[in-house]
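Each of the next two complexes has chain A plus one other chain: chain B in the first, chain C in the second.
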Partner chain A sequence: MFEAFELMVFYENMIALNNVSITCDEGKIIGIFGSNSAGKSTLMYAVSGIILDIKRKEEMRGGERISVFGRVFFDGRDMTAVKPHNRAKAGIVLCPERRRIFPESSVLENLKIGSYLTSSREAKQNLEYVLDLFPRLKDHLKRQGGFLSGGEQQMLAIGRALMASPKVLLLDEPLLGLSPAYQEIVINGTKAIRDSKGISIIVTEQYARPVMPIIDYGYILENGSSVLMGTKEELLDNPDVKSAYFGV
Partner chain B sequence: MELIVYGIINSITLSLVSLGFTLVYSISRVPNFAHGALYITSGYLTWTFLDKFAGFPYPLAILAGIGITSIVGAMIYQFILVRIRGMEISEIIATYAIGLAILEGLRWGGLRGMTFTLPAFFTGSVNILGASVDYQRLIIVGAGLLTFALLYLFTRYTKIGLAFRGIAQDERAAMMLGINSDMTAVVSLAIGSALAGFAAILLLPLGNIVVETGYNVLIFAIAVCVIGGLGSWGGVIVASFIIGFAQILTEAFISAHYQMVVALLAIIITLLVKPSGIFGKQKELEERV
Partner chain C sequence: MRKERIDRGLKVRTEGIYAINSAREILYLMGPRLLLIAGLLALPFVFEFAPYWKRVINIMCAYALLAIAFDFLANYVGLVCLGGAFFTGIGGYFAAIYNVNLGLPIYLSIPLATVSGALLCTFFLLPCLPLRGVYFAIVTLMYPLLFTRIIEALDIFGGTNGITGLDSFPNPYLEHYAIIIIALVFLFGMRRFVNQDVGLVLRGVKDNDQSVKASGINVTRMRIIAVFVASFIGCFAGAYIAHLYMWAGISLFALDFSIIPIASVVIGGGGTLVGAAIGAFILVPLSEILRAFGTFRIVIYCIVLTGFIVFKSEGIMIYLQRKYHQFERWVKV
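Presenting the complex of A and B:
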């Protein structure tokens, strides 16, 4: 249902993403693992279309030359040239790295901004769902987003993405800098989103261990190339993966 | 007592003048240096409708003037700014050039002398706390407060207003949620220009429509925004009151000629003491997180 085909991204002459193809079937959770600078965020930007905006801004400034190749398909539609806000409209919603919540808006307002694309009735349902999923947000509805803790911000960022009623939810390093307790909340939440709403989820992470239990299929990126892919069991059995990503 | 009444009126006048500039900057990060030109355009258009077509009703002329100004603002973005978006210096140069072109074009087209005036909405005056205030100024105060209230409600409770707030804080994060940043920028320029036009319609009946006013308006708007913190709504109100009262006080105790000096001096002091302005709030938050 969702397919990125032979994606290649260059920053100037540096290759950030080399011939990466990923597929995500409906209702599946896909994991993408790799160290820093392996191309995880670039992949997320390419898939969500943000790369097109970065590219356009750089071109106007006369800055870095960014080249993007490959195609992105979603529900049988070719999304390769579709702008990011229209991809969000089609159902591809990115919850970005480092969360990027709106710091001056209250928690409630962050969520309301997230519901830009949905009808008011749908927004109400989504809000209820998000607050059920992350009850902790209920206690802080009036607080400014910038003053939340990292874990709370992450819950808010995921909640805000859910307010847009995504069909494919892209989570870029959702566990970055979180305590183990919050990591567990976020991981359980991610699984709950898939189980209850059937939303497909693509999640990137540096450390595979906390995410591994919930994924159906995984890819491992190294220096921009996808070096290994397989189901959860296949990845867990691979000795290279074990040593590199689990520290065994 | 008189000073306080006049100070409040002057402050609200200033905030009305700077609202459009702040709105555009806070949403699309475009420093709209054509602000003063749009202000005069709206006044001139309204005058044209009244003068050239006899019997044209005043309210309709006002609506047409503001409407066309807002379309001009939107077109400035759609055709020019969209190509240089994100490069502040180019944006300043482009908008300033457009502003110059409009203002000097109007001057060249015959906007000279003292013959261009808009009628006051109501004539007459009333005595408030020992100060004589004419009705036009009362309307300005009322309209200023109403505009603030409406803008507050608009940005908090409407979908497009919330999208504005999202875009203003993090453009790309808002984009990921399906908000079209070009669309919000066009709308913000349209609304900002309409606000400039609205201020012009309210304020111009107090004087003549002259090209110089366009430049002065721009300088006042920039002064208010720099002192209050660029893109901050609370800052606009506070800074308007600081400059507004400072101007009235210098006028009363020194000389009316120093009004502009006060505004410029305030800019310099702010830049020396606290460059981000009184409410440079965004940066403060970023540092904390």
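Presenting the complex of A and C:
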């Protein structure tokens, strides 16, 4: 249902993504693992269309030239040239790296901004769903987003993405800087989203261990190329993966 | 297919100073700089028989100084200064007071006005320096208006008539070359300054002042240094203009001195300093040419500016630098 085909991204002459293809079927969780500079964030930008926006801004500024190749298909539609806000309308919603919540809006307002595209009834249902999913947010609804702890901010960011009623949810490093306890909450939440709503989820992470149990299929990126792919079991059996991403 | 940008071999070789080993490489490095210097120095001779345009050269260089000051504050320190007029006004009035009221000769009044003007400007801007954000811009915009009204209302410094009878420059060539050479000195000096240790810290202040504080550096003090340097340049321009017109009046606080430098930086390319000067060299003569159109010139002026922002928002200088240092070719991916 969702397919990115031969994605290739250059930042000036540096290649950030080299011929990466990923597919994600309905109701599946896809994991993308790789160290820093592997191209995870670039992949997320390319899939969500944010890269087109970055490209345009760099052009205006006279900065780096960004070249994007490859195609993105979603629900049989070719999304390659579709602008990021229209991709979000179509159902591809990104929860960006480092959360990027609106620090001066309250938690409730943050969530409401996320529901801009949906009808008010749907927004109400989504809000209830998000607050059920992450009950901790319920206690802080009136608080400014910037004053939440890192873990709560991450929940808020995921919640905000969910408010847009996504069909494919892109989580870029959702565990960044979280304590093990919060990592577990976020991971369980991610699984719950898929199980209860059937939303496909693509999650990137550096450290594979906490994410591995919930994924259906995984890709391993290295220096912009996808070097390995397989189901959870296949990846777990691979000795290279074990040493590189599990620290065994 | 993808268009690829590659540094010219010549650029790569000449980047390290020790690798320069031929006249061609020296020319590659020096060429653009020499062209600018020689071009500016030749201007008074080129317009030998057009006295009106010779005056424009002076004003153009004064605006170039203001543009350099704005570019420095905005793109290297992160302070948006909407008050170029504040600097020119203070510098101009100081020059007039020194020259007319105290009877100092021109070669003392301009430097003294520059220094004392810069001190006074820095002092007035002190309260908004510890803050981030829009405060500095608003305050710098307000000060020229404030000073205009004070001078009008209290009828000090000649009131609306201004202070007349400043000494003119002893001869016209001194008049041109004083400002041209000083402009070049400030231009190359500032380019060097922003790459010194102080300049590096200032750029850090622009990017993230909290990290700079965490490194044990007093951010406010760094901003004071920056504002002093910028107002120094601006006050020199003001003192020069006052002596050029032999008059210091409230029009030295006019909005033109704030707006044209900003437009110059937009056209020339922010963050290059040279671009700011080149922007002024384009905009000031352009506005003189457009004088023939009367009030309609503002419309043309605005169209030119908007066109630049829409089609070449990076600025002339950044575009030229790229063309000079890099070439492009198509490669297969």
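The rule is simple: the second predicted complex is superposed on the first by the 248 of 248 C-alpha atoms of A that agree within 3 Å, B and C clash if a C-alpha of one lies under 4 Å from a C-alpha of the other, contacts with A are read in each partner's own complex, and residues count from 1 in each chain.
Convention: a contact is a pair of C-beta atoms (placed from the backbone, for glycine too) under 8 Å apart; a residue touches a chain by one contact, two chains touch by 3 or more.
In this text the structure is predicted, and so the values were computed from the model without any measurement.
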Legend entry - Partners on chain A (chain B, chain C) - clash or fit: clash
Inset, instruction - Check whether A:V93 is in contact with chain B, with chain C, with both or with neither, and answer first, second, both or neither. - result: first
Inset, instruction - Return first, second, both or neither, reflecting whether A:E222 touches chain B, chain C, both chains, or no partner chain. - result: neither
Inset, instruction - Tell me which partner A:H85 touches in the superposition: chain B (first), chain C (second), both or neither. - result: first
Inset, instruction - Please work out whether A:S67 is in contact with chain B alone, chain C alone, both, or neither, and reply first, second, both or neither. - result: second
Inset, instruction - Examine A:E3 and indicate which partner it touches, taking first as chain B and second as chain C; both and neither are also allowed. - result: neither
Inset, instruction - Considering only touches as defined above, state whether A:G146 meets chain B (first), chain C (second), both or neither. - result: first
Inset, instruction - Have a look at where A:N13 lands relative to chain B and chain C in the superposition and call it first, second, both or neither. - result: second
Legend entry - In the superposition, chain B vs chain C on chain A residues touched: B
Inset, instruction - Examine A:Y116 and indicate which partner it touches, taking first as chain B and second as chain C; both and neither are also allowed. - result: first
Legend entry - Those residues of chain A which chain B touches in one complex and chain C touches in the other: 60-61
Inset, instruction - Please name which positions on chain B make contact with chain A in the complex. - result: 83-87, 156, 159, 162-163, 165-166, 169-170, 172-181, 281-282, 285-286, 288-289
Legend entry - Touching residues on chain A, where the partner in the complex is chain C: 8, 10, 12-13, 60-63, 65, 67, 69
Legend entry - chain B partner contacts - residues on chain A that touch it in the complex: 48, 50, 53, 57, 60-61, 83-86, 88-89, 93-96, 100-105, 109, 112-114, 116-117, 144, 146-147, 160-161, 163-164
Legend entry - Residue ranges of chain C touching chain A (in the complex, touch as defined): 2-6, 269, 313-315, 318-319, 322, 333
